[in-house]
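Below, chain A partners chain B and then partners chain C, in two separate complexes.
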Partner chain A sequence: MSRVSALAHLEAMEAMEAMPLTRFRHRHLSDRPLVVIPLTMAGEAGTPLAVLVGESRRSSTLLVVGQPRNRDQRFAFAAEFGRIVMGYIDSCRQDRLEIPSRGEERRSRYTSAPQILVPNNGGIKALSDLGRMCRFRRTDGPYPVPAVVPELGKWLTFLVETAEQAGTSMLLPMTGLLGEHWATGQSALEDQNLASLMAWISPPDGLTVQEAMADAENPELCPPAGPATSPQFDNTYLAPAMRRFDTARATGNEQALAEAQADLRGLLSEQLNPTWRLMWTALALLRGVDEAPRAAARFERDCDSFTDYSDYQDSGDARPQPKRDGAIRAARRLSRLERALADFEADMAFDDPYVRADQRSLGEAFAGTVVAAEPDRVDITASNRRVPRPRVTVRTLDPVRLVDDTKLISPTMPPGHKAEIVSIVRDGDASLIMVEVTGGMGRARVPRPGTVPVVEQHIDYLPDPGWRPTPVFPEADQIPWTHAGDPEDSETMDPVAAGQAATEEWGDDN
Partner chain B sequence: MIATPDQRLDALRGPAPRMHHNARTLAALENNPRCMLRAVLDASGSDKAAIAAHTGYQAPFGQSSFALARGNVFETMVKANGCAELLRVLRETLQLTLPEVGYQDLNDVGGDGRAESRHARTTHLLTAAARGHGSDTLYDHPMLRLVVGGHPVFLEPDLVAFRVDDRFHVVEIKSFPIVDDQAAPAQVRAATTHACAYIIALRAMLAASGIGPESVSDTIVLIAPKDFTNRPTGAFVDARKQVATLTRQLERIQRIGDLVELLPEGLTFDLAADDTGRPQRPAQELAEALDQVPATYYPECLNHCEMAFYCRSRARADGSLDVLGSAVREQLGGVDTVTMALGLARGTLTPNDDQVEMAVALRHAARLRVELHNSPGAAGAAS
Partner chain C sequence: MTTNDHTGFDPAAAADVATTAILADLADAANRAVVVDSPPGAGKSTLVVRAAGDLVEGDERPIIVAQTNNQVDDLVVRLAEAHPDITIGRLSASSYTTPPTVDALANTIVATRVADLAGCRIVVGTSAKWATVRDETFGWAILDESYQMRSDMLLQIVERFDRGLFVGDPGQLDPFTVVGTERWIGLPHDPTQNGVTVMLEHNPGTPVHRLPVSWRLPTTAAPTVARAFYPFAGFNAGIGEGVRALEFRSAGFGSSVLDETLAMAFATGWALHELPRRHVPRTDSETIQATADLAVRLLDRGAIATCERHRDGRVLDAGDIAIGVAHRDQADLVRAALARTGRPYAGQVAVDTANRLQGREFEVVIVVHPLSGRRDATAFHLEAGRLCVLTSRHRQACIVVAREGITDLLDSHPSTDAVHLSVPAKFPDGWEANQVVLAKLARHRVAA
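Showing the complex of A and B:
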């Protein structure tokens, strides 16, 4: 958050409508996302109650667990949901493209990657719990489950892990997507409510933003987008319906059971349908925002990691992700997340003047007009070569906090443009920043036309995130003893513990 | 005659029965200690939910019967057969060396379930135990008393105190799960706050007999379902910081008398309920009474305070920046309202001495926003 973004929220509050926070949508949107709205049962950890899932607004599938406390019903649900999710993931594994590589190893990747959209962060948590619940299950031994259950568990866990990484697009919360692009006149806490957020961006026809906001907080008009259901709904409708279902099942009355099931499905679909419509409306709005130029490259990285995980699953000895990361896996994950965040922020700033404005108000980037130029300046390198090193002076009103010698890139110059700060001189409210152009001028002794800023040109500069080498981590058997930790936490779970994990006791077993 | 603070507080509440502190009021106390409206309403024992509902801003809090049932089943299971499961966790998971265990249920005293008699018995037994008499280790349902704002409050006795190495430990039994040794931080925090109130109450009780605070441990024992199972597991939670925070806040609330002094004479939040309990006081009049007391609203209040929706509407009407939450507020130190912030940003308001720097930054930010709006291909607002 910077003052520029804060102002956008103030403008929204004043105008009573959402204001843009970015010029572009920085996430790739699939042509065929899988929208998933999970509901869980209150009081039971990660216990699925229902899910509404589908690839288009008009075709949704509702899955309901009649009695979530019952282990068999829970896994029957997981298997059904698993078949839908795996069908979708398989549909992304149709075409593979060879990619040019400098190394010996020939590589290829799927041309597509899955994209699962859930309403909010709670939806991701629900999928994460479901993944944890399913991935250690066994197809043999006590409590066997269909093979698709552990497969679903592993894939959900993979997707949830990608969702932690900035800039990925394989599992996204709708509130997050909308909040990245629009500022509302309410708090981040209230923006977590999809209906409330949508009230600001696009209130239903005939309603003002105020009216839509009030409706959004009324569970009778706008049922919560999950994963928790409203307590009133639980107590008034769901609990009696579930009791009827249990009774019918206990007495073996087929007709009563069918009726009770239909009842439950009707109730839950009423709770889910408003959010379903909201999800697709939100998606249509987001599709109307131009995709950022660099989102395509990030999507290719998604395809890479999707391909890698898919190949690992096909390799035959695919194991479920460990319960807890060992030292190396944790360090690797942390490093990956940090780099992804830095890259994503740098990409967004380069692409998007709005994001740059944030950085400019923080003094981490600047823009201004060229007031002086030495286009013909030449330097002699250590190897006695004459190279063009033009210098220009930019006058800016931005409160620059960069230091001398900072390496710069510019989104308003031709690609490859590089520069360095020589000096910064205050001039009243403004700053005069002398920069030396160091790259992007071609190989000749004279810079290519257009590669050196000219007087009166408006130019944007931001720090060059630079290239960072991939960190190297030790092998599993070479962890220093200080970090070896508890063997139970390690990546290689021993078979006995794995067996215990598969047969752990459940709600109604005893 | 000058009314004592207690009389003033009773007048604020009116003839309605006094509400007692519970987990939610304690959470509100911990999260927003500086809110005067909350302090006055809680100290006077007013029914915040009823007041909020009568002003037209009903609090959306309710508990699902599923969650309640699950909580009860789990607690019963942990405590069954003289806390057999609890002892297993204490010994196996937490590796405590417990000698022969004596179990003492303080739920009622020979058929007398009144809070006062239970409290007396609890005091008698626990004080004796702290002095080294008696061989019991587990005390179920001890009735404790916490002094909040000068008033003794009985705390819901859903805990066990156990004694090991000459110290009492507070055990919280919760039904949210600990999955792979991790539990949701917000839930752990709420449970810890609750337990902190017990620690403070227990210490106060022992202090009355000259027993020092070191006789009650700062570390609480959290018992919760393991992973997705029904089997309990346990974890130690270091509550030192929260005990200190809550102690400080309770000390502050002791000075509730000073706060009450500031309120206008004759102020009351009495709903003037008729015989059937229906409020007869005009809602407008009630709202005017509430408006006499300043509130400190944060969006986070929506999570725990019954008055939050009322306060939010007030903050919205005032154009207060509190509506936007801390992330935005932090960018605008020293500025309280939208009108002022936008006025400074657009140069239509002159900053006071403290606002000069902020005004410069805001004007710069506003220029950038204008530049963005005017740039080619500017993102349009949604339509």
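Showing the complex of A and C:
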């Protein structure tokens, strides 16, 4: 934690209210997100128990698995949930826009992308487990499932994988969204609790932050936001209700079964409804924060990857994502994730003065006043051309830790402005940084007006993340000798064997 | 194995035996890869230079892959001097400026494309540069510092060569990623692992050699470093007792604690400069100041170092001293503290983090202990590689600056890292390595 964010947390604690950490909201928010609150059953990893899902505060659908240990009921639940999710995804596949491109291939993309909001990181894990459970299932042969089940599995897996990538907005945890923008006076672990995070940001009417926090920790008043339920609830209410459901089903008593089902639904909706309301309140709060300028470009990249995956699904030979990444796939993904993270951090710093303050406190960016300028300086390039290379000296009190020759960009100059550090001289507590402007001055021999900083001007600089070549890895079917040799490597396996490996023992336990 | 007993142990002969065995395995066509684990200062570069020469004699055209431009430049200079009749190619990025030491070499060509180095028998470049080369393959590659190369980087360059000699120090810092993901944990081809581990996982028959002698570490340091960081392989100091020594040029006026610490380090090769117990941030000014003061005091009083290279002694200058820290902001503060002393040599003392001191060598190293003054022992601060780098850079003496109470901190924070399936337990364990080093330092403690 840097000094500025540590300070924000301390201030929040002293004032007993959440403090903004960023000037903007750096995530795109859809006009029509799908809010999903999954619950899982304790005892068996990744067993769905219930889900509350919907596109608006007033219309939610509750799906419940009466006996989660029963595989048939689980997949019936998955099919129902799948129809809702696929209906939502299809609604994002309505309009396609041609993208002008220089290549021969004409490209187009959907104008929107899905956005699924879950309460916390556990919710993402629950969807990931559900996706893993569904995507290899077959629609024929023994234990067939409806076609929507594997489809849901593949889409959920796709969304969970995008959620790992920094800056994407197709599947987001609400606690993460809030925590990115607000600092509270509690620990990072406590911030994982949606109710207590919301208590800091916007306590319910008539309650102080302290009272709201105390309520948030009481599972009777604020049931956990999932995916795990409170053990007390499990023992006292859930287990007996499930037993009644099982008995009714075993004896074939239709009326008792209907009553037991209604009981279970009532119990679970009591557990889920408070979180549902919190989710929509939090969403409204986040909508009140201005969206960062560069979030739109990131959303377009989301639309791109959504379109690509959607086209792959339509292409006919769409296969489920492998259980584990092969060597090449893993290396490609790591490179993509690292780039996305670096780009997202650079974008945030460029857009947001608060984030920049954080970086400045670490010495990774600086801001100051121009104290000297050589606006008419000219350099001669290797090809014997005279180019303007003005130099300015910036005086700053920031603890700069950048080295000479670092390439810089500036959010306070016109777009395209590029510069390089020539030298840094310490002057007491301050630093005098000589900067050479290298770009963004137009093509003429004299820089366009306003493109070169002038004396007395206040200017911000941060390192240019720049362009990096995309790493080239071997083809996925030609794994080199240093990384090959794992017989279970999904990429080296032929499709028939892959199909067999995906077969799992399962069935009706009862 | 880690004995300090030199009777009947001839370091030069032991090193020779190891080198001969390595070169024999290189010549054996059955080996696709050969791995050489090298403890600190065991003559890794010497081996690389010699193996490259051998391969050229065997009519190969080997490439050498190092991790940083500095490492490549050092290797180029050593290769050019050892093999004056061979033309060496230095593959570089377009933004690279040739340092004078490389520029002065007659038998070296610097170019940005492999095609321009057609006449060179050995081509050297960084792994990042080799990753941009296409459609050209070589028989052999020597991968230097390969434990610091991530396996996804290896994947980008592996198609450039048929067979590889992997040389590196397994005890130093592992490569890392800033992306927090668990999805590859336990996979044999985990892209965040180092290249050697992944290659060995897929090629289990690969011969693994160990260099048995550290020529850098003095007899005072080798047994402790070996026991703490190389518990199974072990190594011996190559230079016998009594060959290396430090003494002051001038008497210390008044008896300050600094002098006491320096005297301890000069006499025994180790010193723990222990500041009073206190929980402090890592930027604690007292610790930083003590570190800078020790360096300045040492240089002001003047130290004469005797060793196998300078039998009559040599006065140490600022370039012989390094200050090692865990974090970049600490390094900045130490540099600032040195600058404040106004000494003309202040800028020449190497002050850097463990990551950047990797592979370098100094006469005396002053270390800010990564756990000094902390309330908790995180995996970062416990990492064995970090302490190993910091305590194995010196030829003469190592001075550790720390707040009292690290032992208690270790005792109240046993390793709590999650244990994952199919991930072999990592040795040395950071917690245990720290205990071994602290136990050694306890006998060289000077209370400040």
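The rule is simple: the second predicted complex is superposed on the first by the 493 of 510 C-alpha atoms of A that agree within 3 Å, B and C clash if a C-alpha of one lies under 4 Å from a C-alpha of the other, contacts with A are read in each partner's own complex, and residues count from 1 in each chain.
What we mean here is this: contacts are C-beta pairs under 8 Å (C-beta built on N, C-alpha and C of every residue); 3 or more make two chains touch, one makes a residue touch a chain.
Model, not experiment: these values are computed from the prediction.
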Chain B versus chain C as contact partner of A:L341, first or second or both or neither: second
Comparing the two partners chain B and chain C, which touches a greater set of residues in chain A: B
Touching partner for A:R324 - first (chain B), second (chain C), both, neither: both
Touched partner set for A:R426, first chain B, second chain C, both or neither: second
Which superposed partner A:M133 touches (first chain B, second chain C, both, neither): first
Which of chain B and chain C A:P399 touches, first, second, both or neither: both
Chain B versus chain C as contact partner of A:E164, first or second or both or neither: second
Which superposed partner A:A382 touches (first chain B, second chain C, both, neither): neither
Contacts of A:P231 with chain B and chain C, given as first, second, both or neither: first
Chain B/chain C common contact set on chain A: 324, 399
For the chain C and chain A complex, residues of the former touching the latter: 32-33, 131-132, 134, 151-152, 154-156, 158-159, 164, 177-179, 181, 183-184, 187-192, 195, 198-199, 202-203, 328-329, 332, 339
Complex contact set, residues of chain A against chain C: 164, 324-328, 330-331, 333-335, 337-338, 341, 362-363, 399, 401, 426, 469, 471-474, 480-486, 489
Touching residues (chain side chain A, partner chain B) in the complex: 1-11, 13-14, 17-20, 22-24, 41-47, 129, 132-133, 181-182, 185-190, 201-202, 217, 219, 229-232, 234-235, 238-239, 285, 289-290, 323-324, 353-354, 357, 360-361, 397-399, 504-507, 509-510
Partner chain A, residues of chain B touching it in the complex: 60, 62-71, 175-177, 179-181, 225, 227-231, 299-300, 302-303, 319, 321, 323-325, 327-328, 330-332, 338, 341-342, 345, 361-362, 364-369, 371-372, 375, 377-383
